[in-house]
Amino acid sequence: MSLIHIQDLSKHFKILNRRQGLGGAFRDLFSGDYRTVRAVDGIALDIQPGEIVGYIGPNGAGKSTTIKMMTGILKPTAGTITVNGQVPYANRIRQAQIMGVVFGQRTQLWWDLPVIESFKILKEIYRVDQATFDRHMEVFEKLVGLKELYSQQVRTLSLGQRMLCDISASFLHNPQVVFLDEPTIGLDVSIKAKIRSVVSELNRVRGTTIILTTHDLGDVEALCRRIIILDKGKILFDGPTKKVTSLFGAYRTLKLQIDDFDDTTLSSLREKLAGRFGRDHGVTVASIEELWTDVTIDQARTPLSDVLNFIMKTFPVFDVRIVEISMEKVVQQVYEGALG
Amino acid sequence: MRTLARYLRLYFIIEAQYIKARMQYRADFLVSSIGMFFSSLATLAVFWILFNSINDLAGWTFMEMVFIYAFYMIAISPMQILFDHFWQLRFHIRQGTFLKYYFRPLNMMFYYMSEMFDLKGLTQLLVGIGLLIYASTQLEISWTAARVILLLVTLFSAALVQVAVVLIATCAAFWVVDSWPVLGLAWKLREFAPYPMSIFDGAFRFTFTYIIPIGFVAFYPSQLFLRPEQVSPLVYASPLIGIALFALMYWIWTQGVNSYTGTGS
Amino acid sequence: MRSYWALARGSFMVGLVYRFGFLFSILGNIIYLGVAYYLWRSIYQGAETLRGLTFNETYLYVALGSTVFILLKTYADWEIAYEIREGIIAVHLTKPLDLQLLMLAYSLGATLMNLAAITLPTVLILTLVFKVSIPLGLGLALFPLSLLLALLISFCFDYFVGLLAFYIDSNWGISMTKEIIITVLSGALIPLQFFPAGLQAVLRWLPFQAIYHTPLMLVTRPDQGWETFLPMLGVQATWAVVLVVLTRLFYGQAIKVLRIAGG
């Protein structure tokens, strides 16, 4: 039986259409002029025990609204949702006992208290018995090296240390499902790797189901066998991560600043690249931000270094950055039928 | 009952840690307590000055006013000590940090309020107790066991009234972005609680008795001890009023908690 | 979608809130004016005058006092303490600006805003609803000048307490103590005439009464001559100068803490 079962789930918000000016604002006080925003619009999914699922999508896709429904904060407008066979919003407290939640930016530990005291309080809140507590703390010690942080106040921890503590804390009561929201945001590469290995190890040891929302495709690639891509409240793709990463993992974007950029630069760049690498070369050109020209390259078809060399020789480039493909780009490509 | 015991135990564990952490700033605690001490005596100082020019205020002597004021101080101290986190509610809601209170298998109001324990509020409690003992000695109030029980019951319900009034105003934050004016108003009204309600008439007395019943924070219940022969039957209902108002506040809180969707991410 | 939702909700409520907040502060004022009315009415109990003041005079003093109180609360103590704790103060020091003048400018701005948003409506309510007559006279003309001096004195106290944050972790207690001492001893709640004679004699020499009692008396008893008003303003001006000088000296000392300890 699946741990999380979602069928035809929708959440609509009503938003007041605001009128302009002072008079308008006054009329708004009594206005019934609402428009409906479909934050989540008829999704269905099943998550099995022990899975790590990447739940991704651009800002405003409805990820957070779904998570809030799974955790029992929001009541769905329509559809069914069960977690561990129970309706989440029917009994928030019972449901909270089987869940762990981590928010990337904000700690849920006690800001002014030493780390170990936070864990002791959690032990009481979740009624974890001493033996289980000791066993878990040992696991955290082995994975995270928690002991040396025990006596530090939470406020004095670095962002990375705090995140490791928060993640450990969310596993303390042996929850069936843990929600990780942007666990690697704002962290440098080495800490990111550490967090990924801790999460995957906790999942392996405890068999905990993990739902990961992130903007970092690297997190998904490293942790999740399954990925769900959401946009505008609908599921765009639900399937093996491999299928997505084989497609997008190979993509890199060259961000260029070109001297004397004018209206003709983009088209001349496109033409010259087509002339050099052929029409079906997996290289696309776009200008999204001002001053920056984005050249997205499918490395499976055309080596990035070749493209870079060619452009540097042909155009007066004075700045270059290489970035992994963005979430927005993935969604756009999926729309265009990339995943078939 | 088991739940109550568990929550009490939890509260004790959390606050013990908080006090330990706070005690690292001993000088701060000392200075804050002094500030609290002075602010506890401000209104009383005003009464003292006024009674230089008058013999009684609407028939109440200075010492009776001290008694009412002492009752008020004790009745508002639970709010100060146990519910002091209410000041931050509007910031938590606006910044989206309120979300975290949903994720623990605990009563949310308990969890939220447990994050603050205001030690300096103990000063208020002590000043109140000191003044109560002083005034009742001066007034020669004889404390029988029954009276002491009555005092505890009425103090408890007065504290409920005061907590309920302020928290209902605080809950406005769930629906309005800047709820400060509502809270500020409730906070200001609270300061009128030690005034003899008999000085008011018309709309004011009606409001302070039935609508925003701050009269039940100090003045009405104090009459049970100062002028038991003149007490109106309504005063005996004060425990019920306290409980009813607290229940209403809790219902509003629950509505607010359910309507909050977590703005920001 | 979530962010749009938040934005829409936010802008709706911000739009709503200004009128909402304004309404509540006016309501708060009316209630306060009412409570003060009943309180003083039962204090006077029909007496013609108490301590040489009629009911109308005392009530005008107290009612106006409540709005002047809002005008003269500068919050500079909280502001400066916050900036010191968060290290923002260092930013000010890199600019060719005088911290005291900068803070005073902020306070003046807030005072002017409150004057328009709170004091004027309150005066209207006083005259229209509570039928209090505001007597005319020389004192009323001198009131703005006196208010300005009062603001300067009040600001110096707040500024001084704010600077104490260089030395202590939290100045909640000191701010609170300062607030209470000023509120009670300045005559913000009760005219000084009601104080015991001995205390009155002492208070006349302290700077506190220059904050509330002096400007409020100018309005309450405006029908007196220069011989009464000149000494009152003189005392105010002297205190303003003394306190400005003292706080500047103190700032010179306090800033060394920052220079040495590095904020």
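Note that the chains are named A, B and C in the order they appear, and that numbering of residues resets to 1 at the start of each chain.
Here, contacts are C-beta pairs under 8 Å (C-beta built on N, C-alpha and C of every residue); 3 or more make two chains touch, one makes a residue touch a chain.
Here the structure is a predicted model, which is why all the values come from computation and not from measurement.
Every chain gets a centre from its CA atoms, and the centre nearest the mean of all protein CA atoms is that of B. Set side by side, the interfaces A-B and B-C show unequal numbers of C-beta pairs in contact, with more at B-C. Between chain A and chain C, the centres computed from C-alpha atoms are 51 Å apart. Once the centre of each chain is set as its mean CA position, chain A and chain B turn out to be 44 Å apart.
Chain B and chain C have centres, each the mean of its CA atoms, that are 27 Å apart.
Under the contact definition stated at the top, the residues of chain B that touch 2 or more other chains are 261, 265. Each of residues 13, 59, 64 in chain A touches at least two other chains.
Of all residues in chain C, those that touch two or more other chains are 2-3, 5, 9, 16. Residues of chain B touching chain C in their complex: 25, 27-28, 30-36, 38-39, 41-42, 45-46, 49-50, 52-54, 57-58, 120, 176-178, 180-182, 184-185, 188-189, 192, 195-196, 199-201, 204, 261, 263-265.
On the chain C side of its complex with chain B, the touching residues are 2-3, 5-6, 9-10, 13-14, 16-17, 20-25, 27-28, 31-32, 34-35, 38-39, 41-43, 45, 50-51, 168-177, 179-181, 183-184, 189-190, 194-196. By the touch rule above, chain B contacts chain A in their complex via residues 9-10, 13-14, 17-18, 21-22, 97, 99-100, 102-107, 115, 258, 261-262, 265. Of all the residues in chain A, the ones that touch chain B in their complex are 13, 59, 64, 68, 71-75, 92-94, 96-97, 99, 101, 103, 106, 108, 110, 112-114, 117, 120-121, 124-126, 153, 181.
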